[in-house]
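The structures considered in this document are given below.
Both of the next two complexes hold chain A, though its partner changes from chain B to chain C.
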Partner chain A sequence: MTFAWKQAGLTYNRYLAVAARVVRRSLKEDKRLAAERRGDVDLRFAKWTNGKQGDMQNVADANAAAYVEKANAPSS
Partner chain B sequence: MKIVASTKLTRAQRGMTESRKYGETSNEVYASAETKAAEVEGKKKLIIVCSSDKGLCGGIHSGLSRYIRREAVSNPNFDLVILGEKCRSQLSRTNARNIVLNFAGVGKDVPTFADAQAIADQVVQLSGDYSEVEIIYNKFINATSYEPSTIAAFSEETFLASPNYSSFEVEEEVLPNLREYSLANSLFWALSEGHACEISARRNAMDNASKNAGEMINKYQILFNRTRQAVITGELVEIITGATASEDM
Partner chain C sequence: MNSLRVARAALRARPAALRIPMQRRGYAEAVNDKASKGIKLSLSLPHQSIYKSQDVVQVNIAAESGEMGVLAHHVPSIEQLKPGIVEVIEESGATKQFFLSGGFAVVQPNSVLSINAVEGFPIEDFSAEAIRAQVAEAQKVANGSGSEQEIAEAKIELEVLESIQTYVK
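For the complex of A and B:
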């Protein structure tokens, strides 16, 4: 069993998040505004090496970059 | 401040009860498969600490940090992922070498599932090969008490090795998906429960703060009144003295 989204480099969570976003966007205007706020991610993160903190990065951007990288990698 | 925190608390508690259902249902799979954490020698454990960015809420962050430090003494072979600034600054003093990732911006509002998913995606991308993942959060017991507890998240191998695995009849390719999804579920549960604890602790802290300030206000009120009285008396004395002096003339 192979999934199209898996080949596109998405994780299952990302796949769910995209699906959830589509559902939220198809709601009526008043409900949609409240619902879309639940989908916002405003997290930052930093990698640590040897007890030193690295640069802060935006999680959403880093995740997106990772998907692209995985999609370009030769599928095994 | 107490009233503000109280309204937030009801919202946070509602979020917590809902997310608890998510977490418990997703762990049902592992319970019925009788999955046990595999004791693999030489493999690292990954510990995810769920704190938040804000302080002013009593000892809930340091409770988590203390738990980690205790753990570090008995079993030092682990890596840390820290959610929230508070535990980061506390643990970076003692366990900086164990930290692999830290997240900021957690706990501004009631945690959303999207947050949990984004964190889970980052955690899954970690290069290390971990025998098990433990999520440490504050368990909400009631409005005044909470204690650090753990949720275990299993890797594919441990799930494959669980005694009742065959009864599920799933293909092996979907297991990574299950792992990612259940990690997000558990994270969401831990984040919401931790958030509820934090808000309730903050409510108590604010209540205490108002009470302490009340004592101070009383003290200064009395001081102010006495001084005012003294000033009025002084002025009256001056006026009367002046009046008597001009009458004689």
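For the complex of A and C:
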């Protein structure tokens, strides 16, 4: 069984995050405000090579780029 | 004559009395009795435990492989959940319904059921208007000219929203 999102390069983790986000947004106003903060992610990373720190990258942006790459790569 | 008949009856009655099982009770039997009554349900979200090893009668889940009801002594299995309803029939007879955004249900041996999901809320917490507004938005993206990934995400959203809509009117 192949899921459509998998063919677009998305991971299961991303699938869950999207599904959770839409569930939070469907809540009634008071519950939604309390829940929506759980979806916020702000994480940055840098790759170190030869003792030097590389560029700081946003995890969300890096993941999005990885999905595109995965979708274009020949399916395994 | 009469007393002889009574004596014979008593003789016949004795083997029946011997057949009554022993009224002794050990720890092992006591534990078994408790486990056979229901299934221990743990319904956990990253930020909250809705059920924490609580005895319930039955749990109905929407797995990717199909809808299934889990009772005590279910065969151990691992099921991927669809975004959908989990129905819990408690020992009091009350039925509770939660909408889960997707996760896993693990049926363990000895009548233990663990369900993990990212988000889960009772149905009455959902707003029909918010769902309708999001369906329109997601349809626009799904039929638009965005990237493959944007369209795939919009389709996930539509799948979830359609699932909620069948329960929230």
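FYI, the second predicted complex is superposed on the first by the 75 of 76 C-alpha atoms of A that agree within 3 Å, B and C clash if a C-alpha of one lies under 4 Å from a C-alpha of the other, contacts with A are read in each partner's own complex, and residues count from 1 in each chain.
Quick note on the criterion: a contact is a pair of C-beta atoms (placed from the backbone, for glycine too) under 8 Å apart; a residue touches a chain by one contact, two chains touch by 3 or more.
Small disclaimer: the values here were computed from a predicted structure and weren't measured.
S.K.: If chain A is used to align the two complexes, do chain B and chain C fit next to each other or clash?
M.R.: Chain B and chain C fit side by side in the superposed model.
S.K.: After superposition on the shared chain, which partner residues are touched by A:Ala17: those of chain B (first), chain C (second), both, or neither?
M.R.: A:Ala17 sits against chain B and chain C alike.
S.K.: Touching A:Arg38, do we find chain B (first), chain C (second), both, or neither?
M.R.: In the superposed model, A:Arg38 contacts both chain B and chain C.
S.K.: Once chain A of both complexes is superposed, is A:Gly51 in touch with chain B (first), chain C (second), both, or neither?
M.R.: first
S.K.: Is A:Ala73 touching anything from chain B or chain C once the two structures are fitted on A? First, second, both or neither.
M.R.: Neither: A:Ala73 stays clear of chain B and chain C.
S.K.: State whether A:Leu27 touches chain B only (first), chain C only (second), both chains, or neither.
M.R.: second
S.K.: For A:Val59, select first, second, both or neither according to whether it touches chain B, chain C, the two together, or no partner.
M.R.: First partner only, chain B.
S.K.: Pick one for A:Gly9: touches chain B only (first), chain C only (second), both, or neither.
M.R.: second
S.K.: After the superposition, pull out the minimum Cα separation from chain B to chain C in whole angstrom, please.
M.R.: Minimum C-alpha separation, chain B to chain C: 5 Å.
S.K.: Per the definitions at the top, what is the overlap between the chain A residues touching chain B and those touching chain C?
M.R.: 1, 14, 16-17, 20, 38
S.K.: Spell out the residues on chain B that touch chain A in their complex, using ranges where they run on.
M.R.: 92, 96-97, 99-106, 108, 112-115, 117-122, 124-125, 171, 173-174, 176-177, 180-181, 184
S.K.: Show which residues of chain A lie in contact with chain C when the two form their complex.
M.R.: Answer in residue numbers: 1, 4-5, 7-10, 14-20, 22-29, 31-32, 35, 38, 64, 67-68, 71.
S.K.: Can you list the residues on chain A that touch chain B in the complex?
M.R.: 1-2, 11-14, 16-17, 20, 38-48, 50-53, 56, 59-60, 62-63, 66
S.K.: In the complex formed with chain A, which residues of chain C make contact?
M.R.: Per the stated touch rule, the residues are 46-47, 64, 83, 99, 101-103, 118-119, 121, 125-127, 130-131, 134, 138, 147-149, 151-153, 155-157, 160-161, 164, 168.
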